[in-house]
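Shared between the two complexes below is subunit A, which has subunit B as its partner in the first and subunit C in the second.
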Partner chain A sequence: MSGILEDLLEIVGSRASSSIVERRCYAADASQIEGLPDYVVRPKSTNEVSRILRLCSRHQVPVTPRGAGTGLSGGASPVKGGLVLDMSSMNRIIDIDIANLQVIVEPGVVQERLNLALKPYGFFFPPDPGSSAVCTIGGMISNNSSGMRCVKYGTTRSYVLDLEAVLADGRVIHTGSKVLKSAAGYDLTRLFTGSEGTLGVITRAGLKIVPLPRSRRLVLACFEDAVIAGQAVLMVFSSGITPSACEILDKTTCQVLKRCDPKLAIPDDGDLILFEVDGPENSTVKECLHIAEICSPLALDVRVAKSQQEMDAIWAARRLVGAAVAKIDPAKTRIYMGEDVGVPMSQIPALIKRVQHITAKLDIPAMKYGHIGDGNLHIALFIDVMNEDQWEKLRIAADRIHKAALELGGTVSTEHGIGLARAQYMPEQVGQEALQVMRSIKRALDPNGILNPGKLGL
Partner chain B sequence: MSGILEDLLEIVGSRASSSIVERRCYAADASQIEGLPDYVVRPKSTNEVSRILRLCSRHQVPVTPRGAGTGLSGGASPVKGGLVLDMSSMNRIIDIDIANLQVIVEPGVVQERLNLALKPYGFFFPPDPGSSAVCTIGGMISNNSSGMRCVKYGTTRSYVLDLEAVLADGRVIHTGSKVLKSAAGYDLTRLFTGSEGTLGVITRAGLKIVPLPRSRRLVLACFEDAVIAGQAVLMVFSSGITPSACEILDKTTCQVLKRCDPKLAIPDDGDLILFEVDGPENSTVKECLHIAEICSPLALDVRVAKSQQEMDAIWAARRLVGAAVAKIDPAKTRIYMGEDVGVPMSQIPALIKRVQHITAKLDIPAMKYGHIGDGNLHIALFIDVMNEDQWEKLRIAADRIHKAALELGGTVSTEHGIGLARAQYMPEQVGQEALQVMRSIKRALDPNGILNPGKLGL
Partner chain C sequence: MSLDLRAINRCVRCGNCRSVCPVFEELGWESANTRGRIMVMRGLADGLKADADVLDSLNSCTTCGICTDNCPAGANVPDLIESARGHLVSQGIMTGAQERLSRYIFESGNTFGEQNERAAWLRGRSRLKEKSDFVYFVGCMNSYRYTETAARTYDLLRCFGVTLLPEEQCCGSPLLRTGFDARKLVNANVRQMKQIGARTIITGCAGCYTTLKKNYPASFRVVSVPEFLAEHISELNLKPLDLTVTYHDPCHLGRHNKIYEQPRQVIEAVCKLAEMKDNRQNARCCGGGGGVRSGYRDLSLRMARRRLKDVPEGVNCIVTSCPLCIRNLRDAGAGSSVIDLVDLVSIAAGQR
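Then we have the complex of A and B:
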């Protein structure tokens, strides 16, 4: 493979490298899955990406596209070597087009930067993963990322109007247009969204944007256990309210957050549900009261956040959960396995019970939090990484959690993606026949299999 | 092909036929595109569909799936002969699952019947084509249908959680699950949605449902011409309001409606925009006032509908437009060509101007109406069908309208589909490279090309 470095240097100059230092930097995403690439390349234009892919196709060199590397499933880990395509230098906001309710961006634009740019216009791009401050739009599209507000606003998939993508052989396609609504052939936009870089490399995206809500309000409801909390959530949704966020933080999670910030105004004697509603002033006031009324008979405590500052503090804390978990036991490390399961909403109480049972039996500390309104539970498991026994237990726990989700009619990944971490569950997740269909689509678009090989169980 | 009738009779009994009467009944959808099928079959189960497709694969018999036959692009017209698969007998509502915010239905369920069944629960399935009273869910999914309320609620695509579909060779797949959010492999659900029966036959669908809004209000704003009306629409959306419907009825359309029902409380001295807002009582009142305020400086007249009855009457009239057009001139017939174009919203005034120019120059009477908030303009053209000259002019007009939409960065179909009527525009619509990708997907899933051949420009 040594032959292609010269060609790469010719295409992108010093933005290609095969130095071991660079290669090690790009060995993994934020998961524990690693693979050493042979080259790292940082393209700056669609034309460069097209030339690189043509070259790699000719030489059958694997290509792993990468955004900010915040993924948790090994999606951007170059497990078959080859070339990592770091898309973060293609980071221009090309057009903010309020009249057409859309923006055009390059894939390396960071989510938070886009929303800061939209704020003065009173608009926003709703999908909001926990990593919003660093993750890129290209990565979000490739994983169909979502986050807290997707329970009302939908996932990234709902916002992509058009993609410019480079196919494995270097051809450049557009999958959509600037029209908000179209019924013209196969929905390649949605096919590429969530395909984790296995069908093409996204080089530009047209995204729908929506008006910022006029007000937001937050109800905190604390329950004796997560099963009762799950029942309250079902009742709120069945009543016809669609919260703009509906998060669960279990007792352990609340206690950890309190340890990080003792002034934080959240209860820590039970499992907490945060119901956010947004919209016109009057309606958020009314909906808060309605939610409080529904939850009261079941809850230990229900209250409405008093001020914007209090809401900001609570959401900031919620965003820290992933990092704050280290406070549970500094000797232990969180391992991202079995961390992103989801079930039909009515099965949330059952899932919570199953997870409690699994982790208690294996004696692994666990925090449960996540987007309960989507049926999405994040589970943080901790182990002493120097202890091989604990690794073994962790693997068993993660496997049982995945299987529990599948048995309850759920999914092994709601928003973090399959990557390599969950590839083994794909046959059971989608069925052998649907997996065959996915494989045939992959073969049709990438016959040599150079794009992000080894992922998605394909 | 005579050989397969016996096999068909064995699979579905008397629900298969090759009588010329039946065959003629299934020669076309609601467009003018025809093709005589060799057989008509009305399956009642997934298993029957699977056996039929296996049989047709073996004998290379074309299969054209059909819902209610309300399509306007020839999508359900069996232009290559073979077999029409009338799915309307598979019409059970299998589950109304409010706790999981979804329903499971067979493809033959009629949209309006589903919504009547959901009403007692306070929920609804939002996509609402003009043909809601008769069109089937299977047809809606196959065309990614939308309608008036999609400007706020999104198209059918946004509501499909899972499809059971039978592939060309008889294999049965599920494309999704009962989970509201999932990131597990290629989005086959969205790939099949809008694929117009060319990739598989839908035999069951899981659909997301949403709470019925608590109130709806309607603003009628009348403008001197459609160009100014288009500007007002842009201003309303840019102000951060998302109407639940935003319809245009041009002066001709209003006059026709008045002729049908002289008591109808709509102005007919200009181009009319109907802005509907929905949501909590207080917010709809406020948003109406805000819309009126924005439109006033530009409009001849602005008013808010006074009662539910008045709103119902106006919407009922709006739904009649397609049929009412016959009132313009009883000697003329509406031909569905060039009737479904769309453009980025900011280009709406330009599109209206272009259409006016095209139809005036060819001296073809035209009504313009449609979902202006989506950038979607329906154009009704009328001719004396006995006059070959007028047919020729009509074809020229439709072609110019399609090309105008494309030149303005738009689409030849926003919601009626490509079928055969618009197939010739696919290379320009999506680009040769993207069309090649669609063809390769089609080949991968249906190598013998038996599913709805001749459609989509594939």
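Then we have the complex of A and C:
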């Protein structure tokens, strides 16, 4: 495979490497899926990407696009070797166009950097994964990422107005335009969003932005069990309030957070729901009281966070909860498998029960937390990674969790993507016929199958 | 020295380190980021050959520890990096810069390979006491490069009865940070400390401070000059100065040892303090630590130049308390505007 290195060096100069060290460093994202690439390239322009793809098409070299490599499904793991296209150097914010309520960015812009740049204008880009300090917009679009605030604001898909994408043969297309709505033909923007780099490489994106809310408030309601918590959530939503975040942290999760930071102001004797509301000052005050009233008869304890600092501390702890378990037990590592299931909102209590049953039977400790407001439950399983038996139990647990979600009419991935980690569930998830349609689309755009091969169950 | 797989496995590859690693910010390759470096360590454990690229990946870390502070999984990165370097050094695998630095230290007892008298800066100052509770540990940088700072520190500390080690050796920090065994130097210094009857060791170098705390017998109380000055501020007779300065937190004083407030107390007792854009636990590394300055000068200075962009407008000087930071920030273009905390205090004490 030494064939194309010289050509790559000619296109991007020293931003191409075939060193074994770099190849190892780009072998995986944050999932357990690995594959060794032959080259790693860090392009800086659409033109470079186009020339690279033309070259790879000609030589039939697989191309795996990658943002910050924070993905949890192996989407950026080069399982068929070939070339990893690290897009994180294309990181310019090209235009902040407040008059048209949008921004134009390159795919390597980090979510948090974008929001820092928008803040002085009083605007923000709402999708907020736990990895927002690191993850790139390109990666978010490719996985249709979301996060805590999507219960009110919608997922990344709701914000993409236009994409510039390079196709497998090097052609460059735009999928949309600057208008906020359009009825012109197939919606390629939505097709490319969530396509995990299998249809083209995103080199630029036009994104809708929204005004920052004037205030945010947080209600903490603690329940004896998740079933009662689920009822309270349904009652809040049906009362006409749409929280800007609605998170569940089960008892184990609360205990872990508390042990990481004993000063953290959360209860740890039950399952906790965090309701955040945002909007004008007087409306958030009113909505908070209303939520507290609804929850009171059902909850062990309800209170409103006292200060901005208290809210920030709780959210910061929540964002990083995934990996925090290792801080408490150095022999245990959180492994991201079976971590991203979702079910219709009313089925959340049933899902929680099923997960409890599965993990108890296999004797694997589990934290359960997630975006209960949109039916998304993150399950953190932790094991001793030096123990092969525990790995086997983990694989069985993850499989059973995925199947449980499907049986409850849910999804194996709400926001982390399919990649290879969940590819085996695609036939059941979308149905054989729909999967055939996806394969036809893939063949039409990438006849040689060089773009992120091995992913999405295609 | 073998690789500690348990410690390596704490990394879950979440990539949070990408948002803070100052080396990654300059170079952009995963091999120059903590997550990549840990993948390289895993590679070494599975038989990856330690070539020049492996050395560059592991040796380009300044061990500033900002990723450790931001690691949700609690990986202790400076320890991991140092032990991986040690793993390679114990097999004779090292860069030319590592080989040169270790040879200088082993041959001359200092990082520069200097043959001159280490305490030449004492000049006409009175003879040292043979017995004392307090020892001022000068360090290689101030002994040979910033001798005026050494003399000023000594002058400030003398009234509290400090003495020097008669034959001070390098504390061992550069060896330990880059993977070598420093026991010979540690033992030589400890023997003298015991002979003097010292119980408290005071140092003005952040690198020496970490080493004295971490790698020397715990029976000694180790105090940094900023801590000592803060403790004795009322006894120093300082006159206020009409200056505004900023303070650069050295990684080895700040993040590694959580000494944030004492240097600020001292500065505020003397003049006005305007903070740098990133400060305290978020302070950027000057780029000089962990052997990066000696191994990768250009990279090191690029980080220093970026650090200088955090300096607020309108300050008279940049104060810090680590001679390695001083040297790197000066060389990156800040020149004589970078001074040691002791230099500032000496002006206020009317010493010059």
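Basically, the second predicted complex is superposed on the first by the 456 of 458 C-alpha atoms of A that agree within 3 Å, B and C clash if a C-alpha of one lies under 4 Å from a C-alpha of the other, contacts with A are read in each partner's own complex, and residues count from 1 in each chain.
Here is the rule we use: a contact is a pair of C-beta atoms (placed from the backbone, for glycine too) under 8 Å apart; a residue touches a chain by one contact, two chains touch by 3 or more.
Keep in mind that what you see is a predicted model, and the values were worked out from it rather than measured.
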Comparison of subunit B and subunit C by subunit A residues contacted: B
Which of subunit B and subunit C A:T64 touches, first, second, both or neither: neither
First (subunit B), second (subunit C), both or neither touched by A:S89: second
Which superposed partner A:T253 touches (first subunit B, second subunit C, both, neither): neither
Touched partner set for A:V110, first subunit B, second subunit C, both or neither: second
First, second, both or neither for A:M426, with subunit B first and subunit C second: first
Subunit B versus subunit C as contact partner of A:S177, first or second or both or neither: first
Subunit B/subunit C common contact set on subunit A: none
Touching residues on subunit C, where the partner in the complex is subunit A: 5-6, 9-10, 12-16, 18-19, 28-31, 35-36, 39-40, 43, 48-49, 51, 53-54, 56-57, 71-74
Complex contact set, residues of subunit B against subunit A: 97-102, 122-123, 143-146, 150, 154-155, 157-158, 167, 171-175, 177-188, 190-191, 193-195, 199, 210-212, 214, 234, 237-238, 240-242, 279-280, 282-283, 286-287, 342-346, 371, 374-376, 409-418, 422, 426, 429-431, 433-438, 440-441, 443-445, 456-457
In the complex, subunit A residues that touch subunit C: 15, 17, 19-22, 24-30, 40, 42, 68-70, 86, 88-89, 110, 112, 131, 133-134, 320, 322-324, 326-327, 330-331, 333-336, 385-386
